[in-house]
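Both complexes below contain subunit A, partnered by subunit B and then by subunit C.
Moving on, here comes the complex of A and B:
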């Protein structure tokens, strides 16, 4: 951006004066102009699509179709017709989808953060030694059970129950004989690497699975699926937090007779609050915006907001841009509010720590 | 948990409780004791069981589906083993144009590209063998090298020679072009925002917002904005004489618009993390360099870049992993069209599922998984680990 600063201030060109630092740690005016222009242009690029969706939600069909109108009250008269249609006349679908989205996002986040941070805490504190032999035993028994289900036509519930019982018994009996084992790092890697899995690979079997237990198109199905999809993120972010918390407090609590769970719940979790908050919000936003899995698993009863938006494309009246914009706006508002809260945590480098590790 | 049982035994073998503390300790019941001794199991079991049921089992089921032909029959499925037929179809059979693309005769440029990359890859492998050598390392590099070479041949035979890209090529276009653009802009914004400027918090919040917006919303918003007749920029298009130009009808403009939408959403992610990394650089380093008369360029290349490189590599890995999954934007903005020009592999698999061809759908998704794993693991081993080791 700048050339070498010349040492004598007398014979500088205008360019050099504009772009050479005069005071250490302060920007020269030329650079300053460039920086602010770039930042403001980017802000416009970021905000414009949101602004456009926002004003489209107040447009009549004719305002959308007759060409671009930019400013309400100046070149078009805003109307609440789309809002009225979605929230007063035809409120049932909208509110059901909104409620579904809220319930699914909240519960899946709760479940996911709970399970994920327990696992992350355990991996940070307890030494695990899963034996190769036990894992091979599990795989072998599962293969036998699957073959029995597929070839002998055994009921899958019975086959699974028997297989798990056999596994537990054999693992108890043979466990101590196995020597080669994996460590915590391997379990952690195994859990985090699940994120690489594109959802499209697993979604069809998940669909069939829920169909089999008649849970298709229910909240529970989506809650469970989202929890698993986001689990790697929770484990990955929270592990880093738990490792960085000093052990002393937990050790003294355990000497005082607190159980592992009490220690975790009353001492460790409150200490990890900033990380917990950032992780929770991140996972909640992911669950709130998710589209592909919902497309498969929910059809009518458990329909979430993204599916509702996409469904507006399919009607015989063409794309209802105004209604769609209303739905997008009501989807954006809560998350943008969250973004402002989350930003504080992120600027503290919450994610950074995890990325570095 | 603590008031479930009536008995209390503090001095069970196995729990070490100093006498003085034991007297003060809360009473522990047998059940909570029993639970506590198995804490290691029940802390981790829910996560393991969930992953086994919803990730590993479907993964295996999908593999089985990809080597079978599945027919719906009276509410049930009729599964028949067909070997690698579903995969062969993608590479050599009737679906080749869809997955790999339409091949053209290799043009001279394509030949040069192929030969140059072959030479480069061989030299890279040769250098690895002569400097440091381990069997596993060599095998891994061989896999990476053959994958990269295969993809270069694919690109040369389709794109460079004037053929058409299939869904594999389009997905890689989204991943590499998209990630590259996002990294450069994200880095530039992070560097700008890490300067001493006013209104930092404002810019930071504004720049962060797109990450929160649902991809569906982005898809439709960009469709509205890109519209040349009714969109906000239509006066401009009219003026430029492109009034009746439909961007969605041309393969390249459609791809570029999808990349723009994707970048709009994901630049913030790279931006926030690189900004945090930039702010982590001790201020003294930069100021000392400024006092010594270092130029801005020197400061960037000698101080900032090496300091943020490990974080940048990790961020790009995460971004790449997510980029391979791209499905919502092409589905919303163009539904894969014109033709198959903007169809990503996820979308390809989704369409195959819609036409009830479950075996093929699973085969395509497995190919996606394979490409993702090979490229991401290569990137992790060759780029990320290198920087992590250095620091």
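Moving on, here comes the complex of A and C:
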């Protein structure tokens, strides 16, 4: 019969619970003291390195090497030499990397949030039943094709075309006979399992792939790679959010004449805004800071900021702590700006007034 | 698609126009199972054009599932649904020309009241000027015209309910489907909205299928009530018919508050004999397991020995307009409605009397009404 939309704390999604603020002022004094102490310690732990990086960007080599100084004008005299070097003398390299990072992070995040949220919505609302047999068939045919390419020297284009054709024919013929099937939960786990694999494992194949399609050292290569790598995270987080949206609203929209896509676009997505904002921020930070894949795929033209930072401890002049600090400081700025912009969407109460009184 | 002006509520011409265009809804042999549970069993209903038909039954009886099948939100397993002269059994919801009011109201929280009400028209591609006019008209009909710029979270429960209603009216659908629309309101507001709803349905003359588990709501709102239990239709009739002439034990026990009293017994020598009673019956029910039912308001408490049987007073409750006397006979409790000034001592012996026409006989095993006998 009619199910009550469950809003009890136990049934709410993990995501919704994470964004329900607790009021420290309402806790007992002992707990308050403990919470404040923990928060202060944690803040110091997090903020101190940032402070250190910030002051280091104004230090001369001698101030760094003479060992740790923390207070400007007392311990050392701040200087703009590192800033001048990176933004006036060598500005071209710095700004190119900066622009690359911004373009790649924005586009890969946009692409992956767009595709990922649609996939998550589909998984949250449509029941899929991929057959075990079909999957095994696909994997089997791919293994045979790979062996044929590696051992018999078959051209990979021909081998793949034949393999796919054989798979389609067999799947259509045998498909109805396969009984055992997987569910949406399995698809979801398969998605996240992509992130369980350490990136270092796939770096060489990815490099080879982009080399073959002649996309090495291009923005497109990095945008595509980051989108794919971050897609499971978007799907995983957004799935949880979509599941918590009452079905009544979507059914009502359907009755009001909305198509499935309109329902998603007009009703579901605006309600998932907090989740969307948080996910976007997370994925953008991941893309912004990514190092390993960028190291392989980009060399000069598509070089990103993390690569620039890394390059500074490999030069013939030794480790340039001051220059590195400058780059890190300017790298933090856009992320903080983005967080401030997105934070106003990550508020509670978006679903308020949707159901019940 | 043209938008008719809603006109002032109560316009006779509008009412006539709506009634002429109202469509009937025919449900034939409708079935639905979820896994092994047969939720809707061979449901047959013929809702007349402009009729207010209420599906009444306890939670889990399949009434909401039936409604959702009419809406197109639930797939039909077998059977057919016809709206006017169109078979809509397999049509997607948006092509059925039905509007639904959900128990939860299902308002879009990120849209204003005006945007919520206008959403169905927006989906139909109606331009903004016509839409704004229609929204204002619909809002006026449910007295929401001053709240159009608000968001659902800024409204009270009753106001949200009106937004949901306005969103349904604005489309001028062939059928209104309502799934317990009043159950989230507090008792006072529910009574008020019930009257509003009845008036609105009368004014609009739109065929309405309404689901509820509240028998008072069903009695007060419906032209006809369909009582459903375990997925099967028990009785279909006007509120008066189902109340005064219940087809079986379930209907008799479900309608009425407090519900009908039942006494179980066996018929021997034209006498109904059960725990603590021995009544003369007319008719041929020899040897049958019989349940005798009588309504609290049809019976009266009299002095011992003067009634059909004697029993002890268990409790006396004064409700204001009347006094409810609970009497006990061999662990069974009966309720009798007495005038408000009635007084009786608890544990005192009293008699219970009711006219033979007000005693209902049922087959205890099948639950079916036995019309061949009566209390003599």
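Going forward, the second predicted complex is superposed on the first by the 263 of 357 C-alpha atoms of A that agree within 3 Å, B and C clash if a C-alpha of one lies under 4 Å from a C-alpha of the other, contacts with A are read in each partner's own complex, and residues count from 1 in each chain.
Here is the rule we go by: a residue touches a chain if its C-beta (ideal position, glycine included) is under 8 Å from a C-beta of that chain, and two chains touch if they have at least 3 such contacts.
Bear in mind the structure is a predicted one, so any value in this text is a computation, not a measurement.
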* Asked: More residues of subunit A are touched by which partner: subunit B or subunit C?
  -> B
* Counting only touches as set out at the top, which of subunit B and subunit C does A:256 meet: first, second, both, neither? -> both
* Give one of first, second, both or neither to describe whether A:154 is in contact with subunit B, with subunit C, with both, or with none. => neither
* Asked: Just subunit B (first), just subunit C (second), both, or neither: which does A:271 touch?
  -> second
* Which of subunit B and subunit C A:106 touches, first, second, both or neither -> neither
* Using the touch definition from the top, say if A:195 reaches subunit B (first), subunit C (second), both or neither. => first
* Touching partner for A:187 - first (subunit B), second (subunit C), both, neither -> first
* **Overlapping contact positions on subunit A, where the subunit C interface meets the subunit B interface** => 1-2, 5, 255-259, 349, 351-352, 355-356
* Residues of subunit B touching subunit A in the complex -> 1, 10, 17-18, 21-22, 24-26, 28, 32, 35-36, 39-40, 43-44, 46-48, 50-51, 53-55, 57-59, 61-62, 65, 77, 188-189, 192-193, 195-197, 201, 203-218, 220-222, 224-225, 229-235, 264, 272-273, 275-277, 279-280, 283, 287, 290-291, 293, 295-297, 310-311, 314-315, 318, 321, 324-325, 327-328, 332, 345-346, 349-350, 353, 358, 361-362, 365-366, 368-369, 372-373, 376
* To do: Mind listing the subunit C positions that touch subunit A in their complex?
  => 59-65, 71-73, 92-94, 98-100, 102-110, 119-120, 123-124, 151-158, 160, 167, 171, 179-180, 184-185
* Given the complex with subunit B, which residues does subunit A contribute to the contact? -> 1-5, 21, 24-27, 32, 35-36, 38-39, 42-43, 45-50, 52-53, 56, 64-68, 70, 115-116, 118-119, 121-123, 126, 128, 187, 190-191, 194-206, 208-209, 224-225, 227-228, 231, 235, 255-261, 264, 285, 288-289, 291-292, 295, 305-306, 309-310, 313, 319, 321, 324-325, 328, 331-332, 335-336, 338-340, 342-343, 346-349, 351-352, 355-356
* Structure fact -> The answer for subunit A against subunit C in the complex is residues 1-2, 5, 246, 248-249, 251-259, 262, 266-267, 270-271, 273, 349-357
